[in-house]
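Supplied in structure tokens, the structure appears directly below.
Letters are used for the chains, namely A, B, C and D, taken in the order the chains are written, and counting of residues starts over at 1 for each.
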Amino acid sequence: MENLTYWQALNRALDAEMAADDTVIVLGEDVGLFGGTYRVTEGLYARYGAQRVRDTPISEGSFTGLGVGAAMAGLRPVVEIMTVNFALLALDAIINMAAKIPFMSGGQYAMPLTIRMPGGTAHQLAAQHSQRLEHTLMNVAGLRIVVPATPQDAYWQLRQAIRADDCVIVLEHELLNFEQGPVDELADAPPPHRAIVRRSGHDLTIVSYSRMANQALIAAEQLAGMGIDAEVIDLRSLSPIDWQTCVDSVNRTGFLLIAEEDCRFAGAGAEIAASLTERCFHALQAPPLRVAALDLPNPYNKTLEQQIIPQPEDIAVAAQALVRGQRIPQEDRA
Amino acid sequence: MERELPIQFLRDMLRARRLEERLAQEYTQGNIGGFLHLYPGEEAVAVGVLHAAEPGDYIVSTYREHIHALIAGVSMRAIVAELFGKRTGCSGGMGGSMHLFDAEHRFMGGYAIVGETYPVAIGAAYAVMLRGLPEAVICFFGDGAVNQGTFHESLNMAALWQLPVLFVCENNHYQIGTEIHRHSAVTEVYKRAGGYGIPAEKVDGMDVEATYRQTRAALEQVRAGQGPRLLEFETYRYRGHSMADPGTYRSAAEVSMYTAQDPIAAEMRSLSLHYPDPETLHALGLESCETLCRRYLDHGHLDTQGLEALEAEIQQEIEDAVQYAQAAADPTLEDAWHALQPNWPHQALV
Amino acid sequence: MENLTYWQALNRALDAEMAADDTVIVLGEDVGLFGGTYRVTEGLYARYGAQRVRDTPISEGSFTGLGVGAAMAGLRPVVEIMTVNFALLALDAIINMAAKIPFMSGGQYAMPLTIRMPGGTAHQLAAQHSQRLEHTLMNVAGLRIVVPATPQDAYWQLRQAIRADDCVIVLEHELLNFEQGPVDELADAPPPHRAIVRRSGHDLTIVSYSRMANQALIAAEQLAGMGIDAEVIDLRSLSPIDWQTCVDSVNRTGFLLIAEEDCRFAGAGAEIAASLTERCFHALQAPPLRVAALDLPNPYNKTLEQQIIPQPEDIAVAAQALVRGQRIPQEDRA
Amino acid sequence: MERELPIQFLRDMLRARRLEERLAQEYTQGNIGGFLHLYPGEEAVAVGVLHAAEPGDYIVSTYREHIHALIAGVSMRAIVAELFGKRTGCSGGMGGSMHLFDAEHRFMGGYAIVGETYPVAIGAAYAVMLRGLPEAVICFFGDGAVNQGTFHESLNMAALWQLPVLFVCENNHYQIGTEIHRHSAVTEVYKRAGGYGIPAEKVDGMDVEATYRQTRAALEQVRAGQGPRLLEFETYRYRGHSMADPGTYRSAAEVSMYTAQDPIAAEMRSLSLHYPDPETLHALGLESCETLCRRYLDHGHLDTQGLEALEAEIQQEIEDAVQYAQAAADPTLEDAWHALQPNWPHQALV
């Protein structure tokens, strides 16, 4: 049991899999000599050499597609797309190729491909560098999506992704990269797509994922101060989603709040709200409440950036209104 | 060149031609759905190139890939069954005409999004390079596909890392209805490989022996670890872009533009957009199959009885494949879920 | 008042706008000399010449981006992406450029760009040629999305899109192209994003859009035979969505069924279900029901293709079960 | 060359250099957020190229665009205010360092997704061509951006339709930490324009007078309707890729690879990854600003007092801009909603 940062945990996971299986290769921009923009691949270039830790040109569409072809020919590539934002250039490779080839080939080809991409709102990176892509990828049959919120999950889920024979997208969060947490490299990992109850409570259920799950935990403490006992579920995976863990909780609490960093309109939270309404309708005492980003691109201005993304306080205030049956004011322009 | 090769070339070109003439009929009779992109006129490329390949080579193709699959060794039965959407088709009935796959023959698929074959090919080549094997990857694409960004990105990486890929451009001068001089600033495709330092040549794609010779030479260099090569095959499609391609209203639009077109260009387009009659093709020296037959008859590679026997045998093979496909069962929804993620059933996901 | 096919209506709309404003240009693959893959641009090349009706190379990413730059420099480009499936190659231009430039520039630049793309499931075009993209585009602040289901709406909404100063995505449906309907070129158009009640009823509300709205109308007739009176709402627009029209209906009927061709998981229907649950929770007698495509890529096999997309019968059966309070069996693997 | 030009060059190069030295300080003090990509070392390109441009020309740039905006005429106040995220910034505080826009000066923006400048530029050029005006579009991009597919797609269309674009490659030999010979199979960028038949040349980007002369010549041809041109400017960035770029741990990784690197390459990399001391730069003849000062002092273009006066005036301008930015107000959420769709408020959408 060690304290590691999120990036160190990812680094250990890569190292462990590369050491165990020499068909595992890593490729992306500056993953090698430079050591990775977020240090995740640090040291691997010196250890495994330029062929297995490949620095690429700025050609997201093709080096992601290269990963697809390599996976079909027997390798287990781990493609790093420097940030989610650049994945918009690789969506044909991800959606039309990686996700569909096993299906289109009648199941002849597996797709042991892992695609890592840090994303989300960091510090004033503005509209083109602060995006979320979960809603887009969730709708794609053939992809699996993990969203680790802790160093331990980052370690476990990246290793599981590399070992999986399907295409797994690892959505990291840029602001989590330098956060610390205990990592046990020997403990058995839970199934990659199992949700976990990070805090149990009986007044309402807060469902969240990635960094926002940690924000929800902070909110839960604030709520405790107001005498509201919130249960916090970290989904850990957005495709598939572990509905049962959520259903059990919502049926107990009767209230559901979804906290996400994604834009509210057609974001990941929409599916969570819709599916849990179908499954828990009669247990729900109020409609599921989505606390999400405003439907705006990220502004560069610091104050505005904070305003459009849910803060722990926003989650707490909304949760309070929800359980007390008050109306929640929504910034909603669309 | 070995004595039997010419006959094999002719045999495969006729198999290709007759098969697709039959597929066109089956399509109009509703036994084949979706888009059907046929190959008549371009057979010399697939036959020459793939005869020059080794069994260990990987092949990556487009939506116009029936013949690539056939010559690569995929059984005619599995191909026709796939076009009929059957469970025993080479893609289990999930892929159809544009998505033939056969892992056993390293036929890595037909791709229907123009420009996807490049990254898949360099990916397979990357695996070959890591394993240090004397294998090559053959990547097919058309003249229109050259303008997709993946061409640029992938050729740069192939050259940068000296990957064992042979890029095969089937230049039939058309991107559906757009002629090459209207889609590319530089119309000699092989010249565009220069921007990546990739050795490239232009080859007469209507001459099967030339395509075979040139491909063999290029593949030797590729296998020897000398990096990627590109070959541009000048060729020609006799039919519309696809069976769905209605020639009808196009002529109208053309007429209103004819004045702006030079006669040869117009001639070429009308050829590719309508079904040209054999005379016109001979006049232009374009009828690859028949030209080849005549040449071999003259050279005494075969005699008329031999040719008739060959045609009969081919008819037999096609009949058998079509009957097999007709008799085969449809895939089930279970099959579809399994094809989605062959591995899931064995894994506890949640 | 004339009977026109959907493609003819689109063709008339383009012709009208090009004649009225010479800053309007059309570009895309084979839109000119060839006359358009779905005939939508037929005749325009001869009428307006090669510069205003531009045949492009197969370079979706850049010719869509060209439309963005041209719009910033004073033109009103109408980009045709031959089918939605190829738009995956243009998403950087659409999401990172067209949708964000007005915002990132502090409102200095408008984006009078129209992007047309036919999509959906046609006849056995298989996995790479049968996709829907609405869920992805809906989540993008800065885009407007219209989904005409009739020739009249196709005519109105395309003209409105070309005249709008924002980026408007026109999602057409490949199977609607050759369907006929009355078109009045002189009548005043409703606002581009106003939903309409295509059939009024009092037993349940069926919310749908594009081709599926027509399927829902067929289902409604079947339901009438079973003594169930369904109200059918055609959204006409997916961003923004005209919630009020839906809310008024659901509050009256108490039952909501959403019919969509998109994959169920994280599809467009998720947002519709989530938002209308928030707005109509207390009026709802049962959870909103989504009748959508199975979470599978499109199989080539004809029978399977029909099975994965909702048919009018499926909508009718589900609606019946919904209002009669029976459980609805769901094909659900994720 | 006109008598005053040299002084203007020097003046603008010093304005650029001193401004960014100040921006670096403001960044470390937390007055500027996000990523900050600085330009020291490359000033001769922006200054030479943009002095050669006409007011009617459009400019499309990257995330390393402060100086392009400054020389294009955007006020220093508006630039600094934008970097401070203020309402009076040239993008209203919504864009920040990577997204400077100024419609009035036809500065069409800084784009942060590598490779986006090409399509925007050919789009503006398409509009210019339709209007038949003698205007040009200047498209900036780096050596790393050359491998993005949009380069290939856009240059082909620019050449095919003879669009009035000048493609300006700022080749500083690095894609963040990846040196050009490790990201491009052909390292002379200008040669890659050949695949599209676009005339191209390499220019010494450290010599402001050369960049001015060559750009002027190229722009004349572009404006004359002779189609696109590409100029590759060999240049050099003294600082890390961005302020966020930690030089610290890289050296370690380097050391473990040094053996594999040739000395010049290593020298070059260490230069671009750490802050080089002036001596090293002079030794390599790379210090554009100081070299220029000395040359002009020698040529008698100016004297020491003149230089001091110039520096003082520039300090004044920078002080003023920073104070203006500090004093300015933050944008409101109202402003953000308005910026999203400036037109919506006036339209009944539903």
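One rule holds in what follows: a contact is a pair of C-beta atoms (placed from the backbone, for glycine too) under 8 Å apart; a residue touches a chain by one contact, two chains touch by 3 or more.
Since we're looking at a predicted model, the values are computed, not measured.
Averaging C-alpha coordinates per chain and comparing to subunit A, the farthest chain turns out to be B. Of the two chain pairs shown, C-D and B-C, the one joined by more C-beta contacts is C-D. Centre-to-centre separation between subunit C and subunit D, using Cα means, comes to 41 Å.
The centroid of the Cα atoms in subunit B and the matching centroid in subunit C are 35 Å apart. For this pair, subunit A with subunit C, the centres built from the Cα atoms lie 29 Å apart. Work out the mean CA point of subunit B and of subunit D, and you get 45 Å between them.
Residues of subunit D found to touch two or more other chains are 91, 93-95, 99, 111, 113, 147-150, 153, 156, 160, 182-184, 331, 336, 339-340.
Multi-chain contact residues of subunit A (touching two or more other chains) are listed as 56-57, 59, 61-62, 85, 88-89, 92, 96, 103-104, 126-128, 141-142, 240, 296-297, 299.
Against subunit C, the residues of subunit A that register as touching in their complex are 61, 85, 88-89, 91-92, 95-96, 99-100, 103-104, 126-128, 131, 135-136, 138-142, 239-241, 262-263, 265-271, 273-275, 277-278, 281, 284, 286-290, 295-297, 299, 334.
Subunit D makes touch with subunit A in their complex at residues 33-35, 82, 85-86, 91, 93-99, 111-115, 144-145, 147-149, 175-178, 182-184, 249-250, 253-254, 256-257, 330-333, 336-337, 339-340. Touching subunit B in their complex are the following residues of subunit C: 29-30, 33-35, 37, 39, 42-43, 45-46, 55-59, 61-62, 85-86, 88-89, 123-129, 296-297, 299-304, 307-308, 331, 333.
Taken in their complex, subunit D has these residues touching subunit B: 147-153, 155-156, 159-160, 182-186, 191-192, 194-198.
The residues of subunit D lying in touch with subunit C in their complex are 58, 60, 89-95, 99, 101-103, 108-109, 111, 113, 116, 118-130, 149-150, 153-154, 156-157, 160-161, 331, 335-336, 338-344, 347-350.
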